[in-house]
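So that we are looking at the same thing, I have put the structure below in structure tokens.
Chains here go by letter, A, B, C and D, matching the order in which they are written, and residues are numbered from 1 within each.
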Amino acid sequence: MSSTKIDRRNFLKVLGLGGAGAALAGCDMPSYATLEEGEEQVFSYLAPEEYVIPGIGVWYASTCLQCPAGCGVHGRVREGRALKLEGNPNTAVNRGKLCQMGQAALQTHYNPDRIAKPRIGAKEVTWAQALAFIKAKSTGTPAWLTGAISGHQGVLMDAHLNASGGGKHYGVEIVNAQAWRSACADTIGDAQPDLHIDKARSMVSFGADVLGTWISPVKFMADYGEFRAAPRGVLTVIEPAMTLSGANADHWVAARPGSEAAVALGVANALATEYSVSTSALPTGVADAIFTMTPERVRELSGVDTRTLSRIAGTLMSNSPSLVIGDGSYENAVAAMALNLMLGNIGATITPGADLVPADLAMRDGSTKALANFAKNAQSGDIQAAFISGANPVFTAPDGLNMKDALAKIELKVAIAMFEDETTQFCDVVLPLASPLEDWGTHAPPLGAARGEIHVQQPLMEKLHPEALGLGDILLGLAQDAGAAGLDDFEDYYGYLRTAISAMIGTGQEAAWQDVLQAGKVQAPATQRSFTANGSLTINVPESKAPGKGELILITTARQGLYDGRHANLPWLQEAPDQISKAVWDSWAEIHPTTAARLGLKDGDYVTITSADGALTTRIFLYKGVHPDAIAVPMGQGHTHYGRYASSVGVNPLNLLGADTDARTGEVSNTTTVHVQATGDNRYLVRLMDIDRQYGRKLTATISADQQRRNQSNKQGGA
Amino acid sequence: MPSLLGNIFKGWAHYSKGVEEGGHHDYEHMFAMVIDLDRCTGCNACSTACYAENNLPVVGEDKFGARQAMHWMRVERYFDEPDMDKIAAAEETDTQSRGASFLPMMCQHCNAAPCEPVCPVGATYHTLDGLNAQVYNRCIGSRYCANNCPFRVRYFNFYDTAESWPAPMDQQLNPDLSVRSKGVMEKCTMCIQRTRAARDTAKREGRALIDGDIQTACQQTCPTSAIVFGDLLDETSAVAKIWKRQQVKLGTYKQNKENPDLRGYRIFEELNVDAKVLYLERVREV
Amino acid sequence: MSPDRPKRRPFPWIRTVMAVGVVGASIVLGGQLLEQERRGGESPVTEAGPRVPNAQFPTDTFNGKDVPQPINYSHKLHAGDLGINCLYCHTYARRSKVAGIPPTSKCMGCHTVVATADEKPEIEKLAAMWESGQSPAWNKVNDVPDFVHFSHERHLQKFLFDNPDMNVKDSREVCAMCHGDMVEVTVAKKMRPLTMGFCNTCHENNNGPADCTRCHK
Amino acid sequence: MSAQQSLAHKHLTYEQAKDIDENIEWAKINTDVLRSMENPRRGYWVAMFISVALFAVMIYAEVYQYQFGMGPAALNTSHMWDLYISTFVFWIGMSHSGTLLSAILHLVHADWRKPIYRFAEAMTTFSLLTAGIFPVIHLGRVWNFYWVMPYMSDRGLWPNFRSPLIWDAFAISAYLTSSVLFLYIGMIPDLAICRDNAEGWRKKLYTWLSLGWRGDDAQWRNFRFTYLMIACFLIPLAVSVHSIVSMDFSMSIMPGWHVTTFPPYFVAGALYSGCAAIITLFILLRYFFKFEHFMTMPILDKVCKLTFVIAMVWTYLNLVEFASVWYGHDIPSKEVLLAKASGPYSPFFWSMMLFGSILPFALLSPWVRRNMYVLFFVSVFLNVGMWLERWMIVTPTLSMGHHPQAFNTMWPGWVEWAMVGGSFGWFGMLFLVFVKVFPSVSMYEVKEMVYHRKRTVYEDVDEMMDLHSGVPGPSSAPASQTTGGA
């Protein structure tokens, strides 16, 4: 690859800039200027490779790191510039598809706000100086604070931590599926079972945004496409505020925040009583809880009436195999798994996952528990040196964790980042990180792993900022400095990775390596897990608290797009309207019209939302997709230092959250009680469409599922 | 007679021929699309893919609020269901109990496009591939076409767009199509640059274009495979099959289907614009 | 009107009709002449121009200015005296829309053997760049606007490879259709106008695509 | 002489029943009209300054728009046209008055037109020149405007002859050419008079322009024939021009535009605004240039009545349009109609109905027709109503249309307003120059008129007895071709 490097650099420096500049001239009036002889320059290659032809795009396989799902991508490279990303059809995860966050990875790479040079404090330094500074300052055990990390980067991180006296790794993801994972672990003994939405004929989700941000959205959406094909599956979503999944549900049920579990148990109750489904498969503790959950109780807890419960039960019964998922709180997930156990979905639509054989390649998923622990340990002074990469704790930490004070207690804070953000402001050393399109790596996608698939990430183009280094290279360097064993004979991460993968596929031949690069994935040996029932499981139904007078329950929702805020600096995603509210370039608070009427609010009014931990002011968006007791503010905006596109846009609802954590999972709660007060200002919330009605036009027509079944039965209109 | 008069006569003959054949000239292809609204989740991936593929400028909040955004592919969201309410009213009228309705809306490449006859300089016209093309460097920006478009899918460069790509973002610009300057009308071309590339490849390999050679950016990225693109003249193409199965025909403003339950419909068909994007109705449990 | 008006002269119909006829005729004929002008004469194939069978091409010429280049490469020497095929160096033209500048490695392929660096000062420049791993910055001579899609590959295929009466070794003739006969110049020079009219005439004569979007992007 | 004094005395003229006093001497006509062309007074310069200032603002706005694109005009994806096109239609409409007065009334031998048709024709020409600006400046790439003209280029490209905008280009240029011709040819005898009374650069100018007019027999004969021919040619042209302009809208498929009755509706509206403008300018000229002898109240009275009739025709066609939409089954069109009447633009819609359909009834009262101060404001507001009408045709449709996603309300940006104001400045500039360089009252035709009136008087004995007892006159009328001349 070292030989192609030089070519690619030529590519970039050479034809690339000229091409782009010319493209900008577009068809404006004075475009003839470019026609003058000798006006433009054209460079030639030194020694190009056979497949490199100017004017013809070459596709390289790589991996998308925009979210933990780790989809495989194909990048179109022409004249040394990565121009477009598409899904990699070879992967089992996304099967050639990509979501808008993946499409926008290009702007992460080309972002004008990238960090170009290392800096200590405010002044720019060389790598040598920075590393020397780190070496000097790093006393005691280092801690790594990252997002979800997997593959050989994880291995090297362990190597570094072990070599430097067994520090801890904190994987932080605000948007995660920890509740679901621990529930699965407790009920069926497999934290990451494989889900087959495409096999299911009905799916019920209790507070899990399966199509939007949950575990592996693109995979689930691809499955959903099959799920909707003949015979058409039925999707039911129970949640306090409408997510992308809820917007696509046949039957969307608004439950009071924190009461989805009650609804789930109510449905189980209805199944047991109306359809006499046996609860023998359940642990007795859970079965008892089900029978205490009478429809009346469910209504008082969640505000969901009996008819709805029995309708959901009926749907589940009449369309099997079914699949029930739940997230948001441990109880939701356990109750969902209880339903799966009752309906016999275990083994049908939920199958065991697999363990990669070098187990340390597996994905270390992030959690907010880790975030809380990090804050706690930092406060208590257990962390002397922190290496932060791929995480923005200052922005994502709920206000209750006092992350800033916690960081202040750490002597050495090293940020390895692509962009200046809220966290780098608090760091002593900031090292420029290469973008995912410039870096090597391997990634074990959470669900691809079930097939033992590891996605390989390779550079699509030469580094935009020569001083930026890949995470792997930095980890390798640190591990080598720390004197980790068996790493000394690798001069860069590429060498290490190639050796490791060659070992994995059992051959070191160039051809095999090229095949791996072309496929963009490597088949790692994996051992299938198996389910184990857990009889002693209990579930304690939360007394979901109806808000008191003048109070509302704040929900911080995540949307595919800005996600947890890491994509707020990508103009494409800022300008891509939010799926539900269609708002752009700002934050908003979703309120039910009746609630708004009670508070005397109308669309576009500014409100001040006050919680025990903070207050923020934003505009409201009225619609019926949120529970009357709730007010939902999406995450992602409200950055203070995050480049020209994100800074001082919108508000960050995480600032309102407290530190209270879930007893079973240790996850920080994403809801809190707030007071809402109108400020009196009103400005139109900029969005794609302020009209939600079709005025009798046939724009999005809808037919009933019965008609569709008739179509599918006579083999017509299935499409 | 060569040259001027010759061209005029030739043009007239061609035109009258087209009139006799109901406006269908000698098309080489008839590229059309199918969008399954039951698969579409409204996730916006198509729109962003379009931004990446077609050098669409980002305008920012103010201009977006002034409705000067340039999204060729916009995903609309509606909260009412006119047809559904006839069948069964939502059981809880105070919640969005059947979710939202999403509609990916881009240029429908009408065969009887209202935008084409009104352009004073013929900058928008119908190609032999059955696409409604926009020649940017011919456009003088009279904006008549956009006024006459019932779908409102033509976007005008109200400002110079250079500042949308601060360095090094300009390196991402797709060199296969020009960056439009201010005062030019633009719209979805169904990724005509990909058609061009595919045609060259096919010629290089000495074969005809086959189904699957061309994938539009939105189709390729759509996570639920809700978008299908292809050639209607090619009986074997997926698109042609779906149109046939849905019993929807071109060249009419009133489809007579044997099976009224079929989901295929074209938006504003009654205007007789003869759109080439077939939408499949969204399905909901009652 | 008074009753006793003298008899009026009749309206001069004949003169009017004649005048209109003259005007109309002059418009049409003028159009014809301009048209002929546009296509550069009634008989497009001339002795001076290149000889490509089954092809009619415009003979409009353009006297481009001399563009200084980092290395005074002589087309006359290489393509003319030595008779090297254009496609040997501009090899991308066969496979891509752009003809491209030959990679330095190709130059050095010969010039490490013949006319080496210590013989020729120009080659010395080249060798120096090759050693330092940087590529010469050539100044573009022939260019089309950024909204034009021109594929060398397609044109070569039509006029050279798919042309029964053409031999690949005569590629120079085909290139000359748009670039003029490069052996006449040392350092490259623009010798054809490369305007839309120029392209259009050739497309009409050799029934190339008349669809705007085939060439305009 | 008593007649003279009574004429000079303004109040008495109200009572005068005749269009013009046939005793007025030809020499006086010459002197009065020529005097109006001499040394402008302060008011003239003030008006000129205002006009130039407005026009300068327009130039600035255009340069700004050229620099930054159409964005500052606040146009958006559904409002691609706005004030530019509506003001364009407005000015085209203004241009129909001159044709109406000179051509149509000429053909029907309504000789009371004679004192006032000259400035009406000038108005025609200048409002066409003003209207012609707008289709150009509203282009996104204005530097390529000539591409709409069919010219021989080496690209072998032609405009799209199916586009109503191209028809506009042809129709307007044709109309402009012929109306300029009409104005100029009609002026030749007067130019000869000016030539004979001028010196300095004016002398050169008029000599050059009057084409050696001597007023002899053959010249008069050819002159009359040509004038008649052009008049006949101009009338269908005028009708066609505004019909074609209306096709910009009626050929589209937009609700509220796709209306069959638009061509006659537009023509009626055009004549309407034209007449209203004539009243305005009539009063101004009469007041500033002391043209009481020629622009008499009875003539004004006739113009007012004509205006009222046309206003009623326009109102009828307006109601026809509403009715056809209301009783039709095209939902979008009905929505647009309702939006006009009740939406954000409703104030403008209703004021347009008020000014356009209700206000004309004021013209029924003789008091209004005689009170120039009231009449002035009435006529101005009639034109405001007509301008609003054009705006209410263009914008509400674009704010509704077919696709709900595009429904939005839009208010014009400062650039657009600057252009609209500037167009009035430009028109004013041209007109002010005209009245000082060319006779704004047709001298030779007024003489004709006076002469004919004399004859008619003598044919009517009673009137002779009542009005001019004992005033001697020529016993035998000479042939008409010897009238007029310098």
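We adopt the following convention: a contact is a pair of C-beta atoms (placed from the backbone, for glycine too) under 8 Å apart; a residue touches a chain by one contact, two chains touch by 3 or more.
Small disclaimer: the values here were computed from a predicted structure and weren't measured.
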item: A-C compared against C-D, more contacting pairs; value: A-C
item: Centre-most chain, if every chain is reduced to its averaged C-alpha atoms; value: B
item: Distance between chain centroids, defined by C-alpha means - subunit A, subunit C (Å); value: 54
item: Rounded Å distance between subunit C and subunit D, as computed from the means of their C-alpha atoms; value: 54
item: Mean-CA-position distance for subunit D and subunit B (Å); value: 45
item: Length of the line joining the C-alpha centres of subunit B and subunit C, rounded to whole Å; value: 35
item: Junction residues of subunit B, two or more chains touched; value: 4, 69, 74, 76, 136-138, 160, 178-179, 182, 184, 268
item: Contacts with two or more other chains, residues of subunit A listed in rising order; value: 22-23, 25-27, 29, 31, 688-689, 693-694, 696-697, 699
item: Per-residue multi-chain contacts in subunit C, two or more chains; value: 31, 35, 38, 95, 97, 145-147
item: Touch-based graph of the chains, sorted into line, ring, star, complete or other; value: complete
item: Contact set on subunit B toward subunit C in their complex; value: 2-5, 125, 127-128, 131, 133, 135-138, 176-179, 189, 192-193, 196, 200, 203-204
item: List of subunit D residues in touch with subunit C within their complex; value: 152-156, 221, 225, 479-481
item: Contact footprint of subunit B on subunit D as seen in their complex; value: 68-71, 74-78, 80-81, 135, 138-142, 144-145, 147-148, 152, 156-160, 162-166, 169, 248, 251-254, 398, 401-403, 405-406, 408, 410
item: Subunit A to subunit B touching residues, read off their complex; value: 12, 16-17, 19-29, 31, 78-79, 81-87, 94, 96-100, 102-104, 106-107, 110-112, 211-212, 217-218, 221-222, 224-225, 228-229, 232, 234, 237, 242, 244, 246-254, 307-308, 315, 464, 560-561, 571-577, 579-580, 582, 584-586, 592-594, 623-625, 628, 644, 684, 686, 688-689, 692-694, 696-708, 710-711, 714, 716-719
item: Residues of subunit A touching subunit D in the complex; value: 29, 688-691, 693-697, 699
